[in-house]
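Mind looking over this structure? Questions follow.
Naming follows writing order (A, B, C and D), and every chain is counted from residue 1.
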């Protein structure tokens, strides 16, 4: 049985807590959140205690730590938990600053604890199926990868201001997916972006619509597109073209029901947002993390992966400033 | 908190036990199964005790009983549980004999306990969406209902011999679905059937491929087809045509990934069988049952529904013998 | 070069005339229609002459006759054309009376001319692909065939009165399709039907919604459903289940464009009616007919096929009257 | 009646000749091709004469000229035909050299004859539907356009050497489509490309896999991808995202038939190549051209459009050389 301490009792924290509760080999022992009411509610629901971070990390009964608190607290908690000898899974990003993220990864390595970054999409069964079939050679050598990612609506402008910007907050998931599916590290990044949805986003020095091209050493190319708005729900698609064919992962929809009427054949929209679309991915991510702790294997997505995705985001920002393809 | 006793520690029992465990308002207290090893394993996994039926039903701490044992034990357990004042959810069928099933429903009524029959498909989110949209008038008056139901493979011949036959064992789900979606009681049944898959099924006096036509008082017609074999997995589709359009529920598939290659565009098959396809339905069925206990409302699908579906199965058998449409 | 005389300058006649015009080995020479204006317009468009039936059939330059005139004229024209030694393609039905249709087929046999019946759907590329793949053994032995056929709207009530009724006018196409795809002659027919769309159809002693079950000697079963109304256009689907899998032909739609918006994913409807849906089938039917004339091979669908489809329609009507499955 | 002279009796010439033959208001009078055998065969099939270019253009009976000859002859023929006062439709490109193409457009303007460029895809019913719905405001302001274009196989290396390269030969169609659907002129082009399919293509100083980003003055972005190989046939898709939703045009497939078996659900591939996929577009293109001649309206896609698409191709090549986004 793995005993968990969880930092963060918000929206994603609630998901992790429930998944821990439903996992046969896990138990949620402690919840830590500066919002005591939230901590108490979550802890109460799952029979956990509440505590402060210092005491929680000092508790020898705790094996594993989930960090689902606010982004600015991630780096400090990762280092503290690692130094306390706990296995750590941290929501992305470890830190908006790449050197700080690197430092965290280094601490975890030194302390010999597993550090996993919450790139939940790697655990989506559809994307995983694409990855497996590519590794099995179904499409032969990869030539072109296309990643489409559209949020239903822009986040609150206050969130935008502290998010690190679209490339580090949103497209970072796609950079990680690209690295994983390309199977090699991109060496060149070009980015173009616009403010088309809300001028306040531009005033916050961010963009809401963006496209990126990555080039891999083999010559394989990758197209990424992001939009902060999609009238039809959360749009998450991937397509990979290779010598022998193409793999496509379509959206996961609300139901298989369609209505055929005078206006056409109307089928259901994609699931509304990441909590619904990636519910299964979050479950499988936790299960993988527990497997890592039990087996001692390396996590599928570690601290270094967080750093490398951030490096692509930084390169995209530089490309945006310079109008040039940027070497990574 | 609702405290459960469950009869049956087999394949379906395992599903119910896990769903009880994951439900915030339920607790599995007692597991009963003549196979003590199975009972112990299941009880052990979820922190329940094992017991015998008599003691379990006498336990005043038990509020609710799940009957997932062998079919021939259902009727006796339903009556005993009802007389002990427990809320009962029983896997279909209550009994292969319609009068016996009627007697069970009567006992539950007398004892004032809710009796719910495990027609799990009513809780499938896709079929429920069809039902809701029909009730909301989306297709106007229903004219034609088509239900397609194909198992991946025939059951063991030993099972076939005691199953009551395809109409009472398999198509009974479709009869219930037809009653629910038609919104009126069918008055006429015609059946045709063949043995095409395994001659041993014919030797056991059963059929493996069957089609039925139901007629409702309004004139609405319903086509049902069943096959005991489907090379591509569990095929479960419904289509409803009305004055203003048609609703279709397509299969739930293993993933949204497709492969485009020299042989065509290959997409994933339907989920393999009912455990996978109706996993969500079983969860929602349990949740509904708990809601019934808490609120005192009538279950969506009660003892009478079990009896009426059985009456349609019996009429189909008579139609098969006589070559005539049979009035119900 | 095959020189054609065509009887009938109406809606279907226009299609045949254009297809003759566009065929490299055919020439439309004569158009005959009691409506002289219609005959002149059609003939003028394609450089043909107009004439009366007697002269046209006496013209030794004419090799082939298309009969696309009103149903009650078919039988007489078939016989006259056959006796004049012309190859004949006749729109379905040859006659509403089965003995009369048989007599026509006999005359054509005696005269040694090819007589082809316009069951255009056999030439639809999608249905032909299903037939080919079945003959190639892709699904193994056929177990269950499902044919869905829905017109967009009921025909004018005046048409209904002289149509011979839904089974002989509309479902006759499905009976032919069933015979073709089953690959054996059905031996039993059961029918149920209702008047749900327009009570005037009932007053004309016809039905507007109908379902039929056919049984073949092998035990293979066939479900047919027909409706005279479909809010979403012309619905024409076929599904065949066999030991090794299933083949499905979906509708042909107006475009491949879909719109994803707040109300769902809206894709285009099926093509509106038979003129559009079977445009390619009509072209290929004509091409097949010309091939028959040139090669001397038997047509894919001859006079006997018209008779046998009519026998199934008659059996369906008898089943409707008696409530029994009728042996054919 | 419009009387045509056609230059070129090859693969595309055969399509145009047949479409002229089947058009009610057109007649193919003269075929010109340096390969006299090919010219004779094509002319013979449609009752046309053969001639040389000079005589043909001098023939006052000719109203319209189709130029479907080899690319290096286009510019000369356009100018000669324009000076002879004929309406001209010329297969793309008018010339690989942008100034030469501009000169041709200028001559046509001076001579007051319509000059239409064969960007056939604008006449594809699916893409036209997307354009119409965008103009009708269905998706609101356009934010992101995605164009996917994959040939089934690379052309012969000899063709590659004289093609002007992927951007001017293949992606030029997508540049035209982008201009049309954006509804504004792109101002910035970035390109990345690789040789992944055949190293001989690289030795011919060309690429076989390419991605491009266009930026429009409004900030709208466009992603284009091209590949010279697609194991599953000719892949031609477009997607447009706007404020109110997205429009997608999927591939046109060989049939609507799918096979469900043990390996999955296998549906048919896209049509094999442009001759099949754009058969309807070629018909509608000719019909539009004839309408232009009759009505005096400007063609949907004129000489200037050919020049502007070429300018985008040239900018893409420059971006490829410099690694920078190039202003247009």
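We adopt the following convention: a contact is a pair of C-beta atoms (placed from the backbone, for glycine too) under 8 Å apart; a residue touches a chain by one contact, two chains touch by 3 or more.
The structure presented is a predicted model; accordingly, all values stated were derived computationally and were not measured.
Of the two chain pairs considered here, C-D and A-D, the higher C-beta contact count falls to A-D. Averaging Cα atoms per chain gives one point for each, and the point farthest from that of chain C is the centre of A. One simple way to say how far apart two chains are is to compare their mean CA positions; for chain A and chain D this gives 42 Å.
With centres set at the average Cα position, the gap from chain B to chain D is 57 Å.
Shared interface positions of chain B, defined as residues touching 2 or more other chains, are 231-232, 235, 244-246, 260-262. Taken together, the chain C residues at the contact with chain A in this complex read 231-232, 235, 253, 260-269.
Across the interface of their complex, chain B is touched by residues 21-22, 24, 45, 125-126, 129-130, 133, 138-139, 244-252, 255-262 of chain A. Across the complex, chain C meets chain B through its residues 141, 143-144, 146, 148, 150, 188, 190, 192-197, 209-211, 213, 215, 218-221, 223, 225, 227, 229-232, 235, 241, 243-246, 323-325.
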